[in-house]
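Presented below are the structures under discussion, each in the form of structure tokens.
Here come two complexes built around subunit A, the first alongside subunit B, the second alongside subunit C.
The block that comes next holds the complex of A and B.
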């Protein structure tokens, strides 16, 4: 009995210690980076670069700046509207392409032609067709974010285990049930990965459009205003805004990863 | 219950990879019978099973289940596959896996749940409903797959090497489970295996297939005393005689195939 309980009692702290060690290593990495940054800025090696300490202070300052918060909200709004729309557009198309080979073969040339076009290059076109600016932003986000979701859905659906499909068919279920009850759930982890990749794309596109237009708001517009200012303060705002973009991206990805582990627990064990 | 007339199946006819899996196979299974089909590996046993289940369309011949020509999957049929880990849906709980096919029976949620629980109890997994397949051992997962088939209350249950992926002890347990549940449910069972002893131990009748292209080379009635028991049945002189006969038939067709 003791032999059975002792290893369990030993193992648990080992796991937390391992996680602890990982956190410590992450923290060390960040600290070294910040230190190098601070030194590079203060030593005059990179004279234009605001110091890490000052930038971080400005990051905190921006959190209380209503103008910045409004811009941040406007960027996130576009992303939050665009991402679900991209899912709604891309998942059905991916399912169709993944389950009906004829459709996939007919559209492959178009897909392979459109896919490599950088979405940022479509900004002028989007602004021409979609007004006001928020619509152009959302349209571009939907377009760009759809690709990774579409491709991952396509391959996820194609990868469905034929035994699982045959099992359902052997109980008399038809093609629609196979797609809904087997193809979609077994492709779900792939689709989710596509969504996670797409989430970072939404921010890229939102900020790019804002930067291109400059006018009406968003982090991109804030960046333009900051960078057209004069002096060290302007650069401080630019750097702090970039840090904010990084923080938002990191936070979104962390939340999505956590949710992924919970949703697809059956896949990892 | 099951009539197979002149069944022939050719994979990729007319291509360089053309493969004759089944050739002119005839077979008749009576209602309530437990038929074991044995044959050398790769002899087309699975092709036969998939044809009966309507999962593939054979290139020739006719299959009737309950008098009806099989064009698509028959309504009153369930299949237990060898690969339980791929046949169970990993994203569903055990109970949901068992209950899913019952949607085809037009049962409401409550009744599906009750039927699933009942089936799980009959395979000795009353407590496992809320678990996920990956939390169970291989033998338990195959029990779940059997429970799923039982809950569906098929009149014909097809089992494709159902115990091929479990250890010897679990295999014996599962063989006895099949013998037990067939007593409670009125159904015909066709069990495909490459294990000669298993075919004699479980079956009322053993049909031996030739190597591909498969046809029937032996059809033996198994009249062993009931209830069957892993120790005494296997010691029974008839068991020893039958396994010898089946073995010879399987081996016999292992020799260079007669070009018929």
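The block that comes next holds the complex of A and C.
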């Protein structure tokens, strides 16, 4: 017992100290950046750039601005509706393509032609086909976010241990049971990585649609409106919104990464 | 050979014919038949003296130059900076949170900053593309350069291998699988940003043609823009994969994590 606890007790402070040092370096890096930004803005080196302090104050100010919060909510709503729909569309298709080679071979040419189309090029089309605008936004998000999920599902299913599949088969399980009990669980971490990639795509599409339509809500519309304003105030709003967009993106990334580690801890054992 | 080709491609003509029949039967202006889109493209873009018309040359060329030029600039800056940051002591720890934040900002969100700064024109596109795609390149280059096998570096030092050889023969090859993983993401992102920045802040380019067609509710024109952008995306992706295969051919399993 004592032999087991001693090394742990010795090792732990070393690990924490290393992490502590890293955190300090992170903090120093951010502080130096903010300082350099403040100096560059105030000294007139970058006359168009609002100072870091003013920008951060505006970030806090926007948090209490009902117009901005409404726009933020409108952008996030489209993303939150679109991503699960993309999972519902892409995972079954990926499973089908991954488990039935004939289907995969016949559709490959179509997939290879559709995939490289930059999704934002479809914005004008989507706006003609889907009204009101929120429907166009969600439709585009579903389309664009489906690709990484589909491709990762496909790779994940191909990566399944054939011994496990054959074992289930020889015990008399049907194709559906094999997919449900072996293919899907073992492809799950791949699929999840696809979902994480797709999450950042949802925001790209939502903001792009809002730019294109303009004046109809969402962070994109807020940004475009701010950028058409005059003088230093316009830039202040733009930079503060940009920081907000980064904060939201970072929060989404962090939550998804944490959840990934927790959900698939068994995979790294 | 021909059998495989037929087996792989038979669905495409079937889809096109199906679309043609459907479009003719519903006669909805939003869904023009493929033959109408093709004849629109032929008339507007491919009937010039040397195949391409003036409109095609004046808009395709700027777009292609912008997307390739900006991509190349971002790669050059991102890889150079990234490898330097990854190799200099603990510098990576200091810049990590900033790069992570930069990557978390949705790339099109940078566009209005450049619209304020430059109003219109090529600078807007170049800046939007470079600032949008540099983050994954930077992040992967830092990561790749930081994790070069220590034994190899120490061996090189012991044998007195000069710095530039160490960079080009050890560090860059060792980091290249990681770097290419970042580059692969950046190709399609560059095209997306080209389109969105031309839709909003440009007076030429394929994205501009698309926004003009959209304002005029010119459905065949919109579809034609999508087709051209799809072809451009296909060509850029294929070119990239070709380069990647040539440069990473030695690295087995490099393409596993696509």
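Just so we're on the same page, the second predicted complex is superposed on the first by the 265 of 269 C-alpha atoms of A that agree within 3 Å, B and C clash if a C-alpha of one lies under 4 Å from a C-alpha of the other, contacts with A are read in each partner's own complex, and residues count from 1 in each chain.
As a working rule, a residue touches a chain if its C-beta (ideal position, glycine included) is under 8 Å from a C-beta of that chain, and two chains touch if they have at least 3 such contacts.
Fair warning: this is a prediction, and the values are worked out from it, not measured in the lab.
Taking subunit A as the common reference, can subunit B and subunit C both be placed on it without clashing, or not? Answer clash or fit.
fit
Kindly classify A:54 by the partners it touches after superposition: subunit B alone (first), subunit C alone (second), both, or neither?
In the superposition, A:54 touches no partner, neither subunit B nor subunit C.
Give one of first, second, both or neither to describe whether A:164 is in contact with subunit B, with subunit C, with both, or with none.
A:164: touches subunit B, not subunit C.
After superposition on the shared chain, which partner residues are touched by A:238: those of subunit B (first), subunit C (second), both, or neither?
Touch partner of A:238: subunit C, not subunit B.
Between subunit C and subunit B, which one touches more residues of subunit A when both complexes sit on the common chain A?
C
Considering only touches as defined above, state whether A:90 meets subunit B (first), subunit C (second), both or neither.
neither
Taking C-alpha centres, what angle do subunit B and subunit C open up at subunit A, rounded to the nearest 10 degrees?
That angle rounds to 100 degrees.
Applying the touch criterion given at the start, work out whether A:72 contacts subunit B, subunit C, both or neither, answering first, second, both or neither.
neither
Just subunit B (first), just subunit C (second), both, or neither: which does A:191 touch?
Neither partner.
For A:136, decide between first (touching subunit B), second (touching subunit C), both and neither.
Neither subunit B nor subunit C is touched by A:136.
For the combined overlay, can you note the least CA distance between subunit B and subunit C, rounded to whole Å?
Scanning every C-alpha pair, the shortest subunit B to subunit C distance is 17 Å.
Could you list which residues of subunit A make contact with subunit B in one structure and with subunit C in the other?
On subunit A, no residue contacts both subunit B in one structure and subunit C in the other.
For subunit B, which residues count as touching subunit A in their complex?
50, 53, 55, 72-75, 77-79, 81, 83, 86-87, 89-91, 100-101, 104, 132-135, 152, 158
Enumerate the contact residues on subunit C facing subunit A in the complex.
7-12, 15, 30, 90, 93-98, 100-113, 115-117, 188, 191-192, 194-196, 199-200, 207, 210-211, 213-214, 217, 219, 222-223, 225-226, 229-230, 233-234, 236-237, 258
Which residues of subunit A touch subunit C in their complex?
22, 25-26, 28-30, 32-33, 48, 105-110, 112-114, 116-125, 127-129, 151, 155, 200, 203-204, 207-208, 211-212, 219-220, 223-224, 226-227, 234-235, 238-239, 241-242, 245-247, 249-250, 252-253
Which residues of subunit A touch subunit B once you look at their complex with the stated criterion?
161, 163-164, 166-173, 181-182, 185-186, 188, 264-267, 269
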